[in-house]
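Common to both upcoming complexes is chain A, partnered first by chain B, then by chain C.
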Partner chain A sequence: MKDSVWLYPKLLWTFARNSLIRDMTFRSNFLIEAFSSLVWMVMNLGFYLLVFLKIEESQAAGATADIAGWEKPEFLVFIATTMIVNSVMQAFFMPNAQELSELVRTGGLDFALLKPIDTQFLVSLRKSSWSSLSNFFVALLLIAYAVPHLPAPPSLASWLLYPLYLLCGVLIMYSIMISLAATSIWLGRNQTLYDFWFYITNFSRYPMEIYQGNVLGDGLRLGFTYVLPILVVINVPARVLAKPFTPEYAGLAIFALVATALALVGSRWVFQKALASYRSASS
Partner chain B sequence: MAIIQIRGLRKSYRVYQKQEGLLASFRGLFHREYREVEAVRGIDLDVEQGEFVAFLGPNGAGKTTTLKLLSGVISPTAGEATVMGFTPWQRANEYRRRFALVMGQKNQLWWDLPAAESFRLHQQIYRLPPDEYDRTTAELTDLLSVGKLLNQPVRELSLGERMKMELIAALLHRPEVLFLDEPTIGLDVVAQHKIQQFLKHYQETRGTTVLLTSHYMKDIAALCRRVVIIANGRLMYDGSLAGIVDRFSGHKVLTLQFADDAMPTDLARFGEPLDVQPPKARIKVERERIADVLSSVLSGYQVADVSVEDPPLEEVIAEMFATAEDVSDSQELAAVST
Partner chain C sequence: MSSTTTNPTGFSSAWIIFRTCVEERLVYRGDFALGTLMRFLPIITQIFLWTAVYTAAGGSINGYTRNDVIAYYLLTMLGRAFSSMPGLASGIAGQIRSGEIKKFLIQPIDLLHYLLLARVAHKLVYYAVAAGPFALVFWLCGDYFPPWPDGPTWVAFLLSLLMGFVLGFFLEATLGMIGFWFLEVSSLLFFYMLANFFFSGHMFPLEFLTNSVPPWFASLLWFQPLQFLAYFPSAVYLGKITGPELWQGLALQAAWVVFFYTTARVAMHRGYNRYSGFGG
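Showing the complex of A and B:
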């Protein structure tokens, strides 16, 4: 059907619009949410700036400070990338993933299953929390500030690849999140989602070079790159923009694309499996 | 071919048997006892296009489970069903565009937004052409007289008003088959009546096939010619409402008004005295004895007035449900396993 191509983008727009209307209804709540996530990010940023100050103090004058090979402007790009991925996740996917557990427990998922559209789409994108996007704009400012200070200015290719790999990062995170959320269909209730999310993002928001050079580091790095690819999420896009392209990372960049595809297929499989065993709650 | 066909439909759940107390809960972390609960135990049913069928049964009888199976919300343990040629639990979009499920106990409208916003979302989800959508919305809001409430957040509506909005949301895409699960639950008499009237009118004018579950006999008497009784996960009766009494009640109620002091003292020999207030008495009499009892009373005593009635429908059904539950209790005890 001709209009079916536009059905999902149109629905997405309506979901987003309805969520915005609802968010605006509770104005103070909206502002407090935006403000608190902003403060949290500024504190984080301040912490890393302090670390760089400490490193500079302990080094010989004139030497360039770095964390695991990332100089300050590069690291700022890294932090900005973290903020972008996390704010998109929290604005669009987190509210829905959290609600899925509730929908399962109360039986509200019944209605989602009745609708003649893809259930995973409906459940994943129905609600958005616009206030969480405040960090997204801060991150853009941060990039605007950091990029001119980079040791090597990004090429045109870098600018083109950056959004692509940001998207890959978001999709990998989404796949992990929806798979975790889908387990609540089997378990009847799974409210550990937020905890899991915290553990996972905690690992993903550091440069992968930190996990290197000894058995523990290599183990973590390989595991979180190739088994559960969360290190790819921030590291690949941040590197694409902040660092000059080297052949040794081409492999990782290609792997990121494969990992994204596999994560999406895998999470779809988990979600379908879970739906098939949905029990629905009383009446 | 029947629009709804059900063959040997079964659904059972494995339920964790939680023991009372902290120690037992701790033990439950390692070793759990499960019980197999059979919600639906093999149902066969055919419903023709345009029928309005009521599902009647006690709580936990399997009515809602059956509706959920037919809506494809859950999958059966065994058996088959087709609705308009589709197997519901395959959840085909073509199928989902052609039916609707309304549940009186759950709401699907966005709580913080006006109902109109939810309707517009449905317009997109079901891909309704704008003119058709406008016409249907206007018609339905008019019939249910809720036009003024469309732009009020759903959380500010009364239960009755919300139920009407839920009905509109479910009917916007003009479903050919409609499943109604206790649509009037918790409503006052006026709102109940209004919704009954609406459903009756809607079904008659559009010829929609409707399956309704309800605890209110009034809903059923007003709407459905065909009644299906489900108890204990099985189909116990399929026919008219009046036929229930003929089938399940083995007795009639005989009301006698005796002249002055003519009332006999040994009424028990005619049947079971229900209510004795001389000179009036109500006696429950087995159906096959009614002719004999009547003739001997009339020939032996001076009777001023007499009437023979069927027992009230509610009573017959309640009695039937009670028997069904006894059977189910003994079966479930046997089914407990570890």
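Showing the complex of A and C:
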């Protein structure tokens, strides 16, 4: 087929458009949702600002406050990066992953299997929740505020690598999410696994330097970097933008690319294995 | 059903409701224990985060050492095990919307009475299942806790936990009753959840705010009811609230319990009067 190259981008466009139309049908609901995720983010930001204020209060005047080596502007970039990755996950993948377990339980997955396109593509991207992107824009504002205050201004290379590593982070998160969602095909239903996703990704939302000082800390840092690479998701892009490049982190940055590729291949494998053992619940 | 022929006494109907709810709750016990244990995972990050914060800040922040803060987070989880009422407000609003509420209008069972019994049953089962995970985590984190508090502190702590349960119940029930006036309350409940997270002290000990906010906001913090759902019992256990402040705090908590008990009752009766059910 000649137009097959454009088939998936076109489908993606259609999915996104339909979701946006649906969101715009319930406009006040859309606004409330966007506003409430904003409030949530502001609360989180306020928490860290308070923590920095407390550190500054306890220090001698003139000293710079930092958490595990991250000064305030650097930490703000870190938080903004978290917001970007999370908002993209919530806007594009979360609604679908939640739906997948419901599709399995009700047998609705039959219809997805019958469609002449890739099933993983269809079940991963069909719905989007555009209101979740409000945090994305707040994050951009936060970056615009924080970057001029950074101790070392980012180079051109940093600006180019930042979007690339954001994408890597999103893809790693997606791989973990779709793998967990796929297990609902085996288990029938997996509410606990979504909690599991939430609690595991919770570890990714902090600078990896905080996980140190004892066996548990080192174990968590190494495990969540090299086995289940969730610490790479936020830490690598945030560091690329907020901190000057060092050889040590060049290694981590290269590893992040490898981890992304492995995560995508691995999740694809898990999804197809799970799909092979799908027993329709409908008829 | 035998209860249709012989009119049940108040106690026996209460017992039946209670027993049924216990049985209902025990259906998902495995999922439940695992879920409870996982809920402690964020504590690990909190330990590392606050260790990093205190490395920078030194000894103590507003009277809390690093160990105090970690013990505080663990205790707020215990406080919320008493005061959080998952699904209560949304359940009431849902019943109003779907018309299920009608059964409480025609049966000789009081809605609030029924829900309270069901909640007590659910909570007791929850404690039976969650006691293991809680004990394990508190034992593992034992070094973060100060020495055992004295007798009166224990009494005050337990009292505020129990009142926290009753307060949480009637507060959420009141919110659910708003469903009589506005059919869709989910966004309202979301904002309540956010406010609760902040004002109950679940995010950080409320003392952290005292010098950093305007005085009117600080006084609001010490009078608002949500503090009793997590902050107050935890601070009492850690010995941060003592002497007259302790008894004033407990009295204020009791006053809020009475307030929300009354509000929930009044809202229910007002709601019944304006409710119109359609269909069968």
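The definition used in the following text is that the second predicted complex is superposed on the first by the 281 of 283 C-alpha atoms of A that agree within 3 Å, B and C clash if a C-alpha of one lies under 4 Å from a C-alpha of the other, contacts with A are read in each partner's own complex, and residues count from 1 in each chain.
Keep in mind that, in the parts below, a residue touches a chain if its C-beta (ideal position, glycine included) is under 8 Å from a C-beta of that chain, and two chains touch if they have at least 3 such contacts.
Computed from a prediction, not measured in an experiment: that's the story for all the values here.
Peer 1: After aligning the two structures on chain A, examine chain B and chain C and state clash or fit.
Peer 2: fit
Peer 1: Contacts for A:50 in the overlay, against chain B (first) and chain C (second): which applies, first, second, both or neither?
Peer 2: A:50 sits against chain C, while chain B stays out of touch.
Peer 1: Can A:68 be said to touch chain B (first), chain C (second), both, or neither?
Peer 2: Only chain C; A:68 stays clear of chain B.
Peer 1: Of the partners chain B and chain C, which touch A:220 in the superposed model: first, second, both, neither?
Peer 2: So A:220 only meets chain C here.
Peer 1: If you stack the two complexes on chain A, which partner ends up touching A:272: first (chain B), second (chain C), both, or neither?
Peer 2: neither
Peer 1: Between chain B and chain C, whom does A:11 touch in the aligned arrangement: first, second, both, or neither?
Peer 2: first
Peer 1: Touching A:107, do we find chain B (first), chain C (second), both, or neither?
Peer 2: first
Peer 1: Working from the superposed arrangement, determine the closest approach of chain B to chain C, counting only CA atoms, in whole Å.
Peer 2: 6
Peer 1: Any idea which chain A residues touch chain B in the complex?
Peer 2: Going by the criterion above, the answer is residues 1, 3-4, 7, 10-11, 14-15, 18, 21-22, 25-26, 106-108, 110-111, 113-117, 119, 276-280, 283.
Peer 1: Using the touch definition from the top, list the residues of chain C that touch chain A in their complex.
Peer 2: Touching chain A from chain C are residues 31, 34-35, 38-39, 41-42, 44-45, 48-49, 51-53, 55-59, 61-62, 187, 190-191, 194, 197-198, 203-204, 208-209, 212.
Peer 1: Using the touch definition from the top, list the residues of chain B that touch chain A in their complex.
Peer 2: Going by the criterion above, the answer is residues 13, 64, 68, 71-75, 91, 93-97, 100-101, 103, 105-106, 108, 110, 112-113, 117, 120-121, 124-127, 153, 181-182.
Peer 1: Which of the residues in chain A come into contact with chain C in the complex?
Peer 2: 29, 32-33, 36, 39-40, 43, 47, 50-51, 53-55, 58-59, 65-68, 191-192, 195-196, 199-200, 202-203, 205-206, 209-213, 216-217, 220
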